[in-house]
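In the two complexes below, subunit A is the common chain; its partner is subunit B in one and subunit C in the other.
Now for the complex of A and B:
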């Protein structure tokens, strides 16, 4: 297997030009403005969890941006062409490709916290996505991240779970749900044509966290929801195309969801608890596909919030007596705009809820975003950068950390060990399921969903 | 008006405006992103928030952590704007109203001090020094000199020639280096506000 370093060494001038062309094609007026605007004030430094935990020049967001902006200046501005030394312009050569790779894949989780703290207001992740796209066009995405995308393209889910294993897991969880609820009619419906909601999950749930899927199913059961899962591609909500920034591949993965909705005739696509999955499907998907969805898309958090608000389900917070805090996934909250439903749900479902400081759009990335969990080469940096999140958790004194994102949960579990946090890590649905008040099996509604 | 140095300043200003306009139009030429996902919020409200509360210390950790730099930056910019105001009066051949002579002097001289403080910080802070290109120093030196001489020339008229020479240099340099943030600050913050407004993050709920 050819390593990424060898691939960089072997880059031809034509391939470099292709990368530059793709970079240019991904820029719009907003990114061009950002690339002209940085004043190198450096005030962004402490907003980055990488810099906080390792205060070096290469971890300053403005430095990461400058690697990209230097190329922009050299190739796309007059001053950069005429006086490159004066304005810090540099050509797109192999050394710069290495700098880009290290900066935009190796030292950035695309969390966007720097944008809020930038003196100017530069949307750094949008620029870094263009740089990642250029690297992707030159076949320079870290292999393990690309393998995750390839799994989705080949198998319909990022963990290459076979259809048989997926269906077996769902059927097993259905039996578990029936035992838990005492209702032999409790279902995890598969491929129920005409169901109102298609519920999508992160493959980590069937693979490693089946209780999380069972908890969501229990909430649907209690709400007597008309819902289904898909057995064929379209059940996996993840889309690592958001991270390798190959928009064509990201679009193909999004298409799985659209096809499943059409195949099953559902009207609402419900995205389970996954930050990047929500961001990819809700915000980027229509752009990748260049069309609007012919269906409604909602977050599971929003669905649970509605159930509780309308009284469709009831909960007893005393059943969750431990102190609970909430992690805000960047793609769900800062970039996704979903910050309040999960808070309303938790305030109803737990006895003692404490916020992290800072929280909501100002929250720190756990360190696992931007595809970092899939890139082994940067694991040490990922764990180190997660130190900010670990400290935030410690400061709350919470016993349970709720994270509405399975990628974040994976990272938080590693941080739990590394920083000896001694906390439990759960999804919002798990907290709701634990607190559900049910008086025996609810009456059936004739749709077989209860 | 009509003096050679005045004409040089005006010519340099025309160059600055023209070159900045071209730079801005070239950036606009990259085109707009077509947004197909239904909005979760209001882009205009996001832009308003980005230019107001989002810039205050309450909403910006970077400001809270660097209040002296923030203050120096504010004073530096205020002094620079004041210096341009004084320059406009000089070029128009109109005396500065008596009531603003001292405020303008104080603002420009304080601005120069702010600029010097930021220059010293850039030179002395390792990660800032590492971030810097020659442009960062040239831009600061020209602007700081411009503000300082604006204040000094109002006290010692014999310095006015030097001030106008520096003003010409500053205007000639303005579109080339990072001082072009005088327009890209506004467009970038507007784009950022629109992005987060569209996604429902701005205005902040916290």
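Now for the complex of A and C:
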């Protein structure tokens, strides 16, 4: 297999030009102004978890931006073309490609905290995504990240799970749910045409960690929801096209969800607890596809919040007696705008809830976002940068960390081990399922059963 | 490139501690990986039943089995799998069985 370093060595002038063309095509007015706007005030440094845990120049977001801005000036501004030395312009050569790769894939989780703290509001993640797109166009996405995208394109899910394995696991979880609830009618319905909600999951759940899927199913059961899962592509909510920044591939993956909704005739697409999956489907998907969805899209957190608010399900917080804190996934909260439903749900479902400091849109990235979890080459940086999150968790004194994102959960599991946090890590649905108050099997009225 | 010593031989690991060459795997290597990567000083019969099934499945399918299949074939309940391998089925059990790191959010 040709390594990414060998591919950089072998780059032709034509390929470099193609990368530049794609970079240019991703720059709209906003991004172009961002590239001219940084005044190097340095406030972004303290906002970045990479810099906070390893204060070197290359970890300063403004420095990462500089690598990209220098190329923009050299190739797309008059001053940069005529007098590159005077305006800090640099050509897009192999050394610069390496600098981009290191900066935008190797030292950035696209968490956007720098942008929030930027004195002039530069949207750094938008610029870094344009740079990633250029690298993707030159076949310079780290192999393990691209493999995850390729799985989705070839198999309809990012772990290459076969239909048979997926269906078998759903049926197994249905039996488990029936045993847990004592209700032989409890279902994890598959392909129920015309169901109100299509519920989508992260392949990590059926593959290795199915308790969160079972917990979500238990909440639907208690609410007597009219829901279904899909057995064919469209059941996986993930979209690593958000990370490799190949918008065409990202659009193809989003299309799986749109097709499943049409195939099953559902009215509401429910995105399970996943940060990037929500951000990709809710905000980027319509951009990638260049059209609006003909259906409603909601986060599972919002659905659970409504169940509790309306009294459709009831919970007893005494069943969750341990101290609980909440992690805010960047793509769900800072980028995605979903911050309160999970808090309302947890305040109702657990005895003692403590916030991290800072929290909500100011929260620190766990270190695993932006595709970092998939890129082995940057593992040491990922664990080191996660030190900010580890300290935040320690400071709460919590015994349970709730994270409405499977990507974050995996990173938090590693931080738990590396930093000896001694915490349990769970989804919001797992906390709700644990606290559910039910009076035996619900009355059968046909809803929620096949 | 990281490496691990086993029976006087250096075996290459990727930065996340997974074998670079799954074909280099053997029982002794599983024991060394268990100590270094998973903090397990000994592997008991239940650990081995999980590791052997994963390895056999990988040899046949070139992929990691669903946790459902691990439970079914070993007869162990799901919660026991998580107790046996604190880092979970992927970064724990599959790593000890010498598989490459699975793709996805793991």
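In this section, the second predicted complex is superposed on the first by the 447 of 450 C-alpha atoms of A that agree within 3 Å, B and C clash if a C-alpha of one lies under 4 Å from a C-alpha of the other, contacts with A are read in each partner's own complex, and residues count from 1 in each chain.
Please note the rule applied: contacts are C-beta pairs under 8 Å (C-beta built on N, C-alpha and C of every residue); 3 or more make two chains touch, one makes a residue touch a chain.
On a predicted model such as this, the values are computed, not experimentally measured, just so you know.
Clash-free side-by-side placement of subunit B and subunit C is the outcome of superposition onto subunit A.
Within the superposed three-chain model, A:123 lies in touch with subunit B and out of touch with subunit C [touch as defined at top]. In the superposition on chain A, contact of A:85 is made with subunit B only, not with subunit C.
Centred on subunit A, the angle reaching out to subunit B and subunit C in the chain A superposition, using CA centres, is 130 degrees in steps of 10. When the shared chain is aligned, no partner comes close enough to touch A:397: not subunit B, not subunit C. Contacts of A:374 after superposition: subunit C is touched, whereas subunit B is not reached.
Of the two partner chains, subunit B is the only one touched by A:43; subunit C is not. Comparing subunit B with subunit C, more residues of subunit A are touched by B. Within the superposed three-chain model, A:182 lies out of touch with both subunit B and subunit C [touch as defined at top].
In the overlay built on the shared chain, the residue A:194 is in contact with neither subunit B nor subunit C. Nowhere in the superposition do the C-alpha atoms of subunit B and subunit C come closer than 25 Å. For subunit A in complex with subunit C, the residues that touch the partner chain are 144, 147-148, 151, 158-161, 165, 168-169, 172, 202-204, 206-211, 238, 274, 373-374, 376-380, 406-407, 410, 413-414, 417.
By the touch rule above, subunit B contacts subunit A in their complex via residues 23, 26-38, 40-41, 50, 54, 59-63, 65-66, 69-70, 73, 122, 125-128, 130-136, 138, 175-178, 180-181, 184-185, 187-189, 191-193, 195-196, 199-201, 204-206.
Considering their complex, residues 27-34, 36-47, 55-57, 60, 62-63, 66, 77, 79, 83, 85-88, 115-123, 126, 282-287, 290-292, 333-340, 358-362 of subunit A touch subunit B.
Within the complex formed with subunit A, the residues of subunit C that make contact are 14-16, 18, 63-64, 66-69, 78, 86-91, 101-106.
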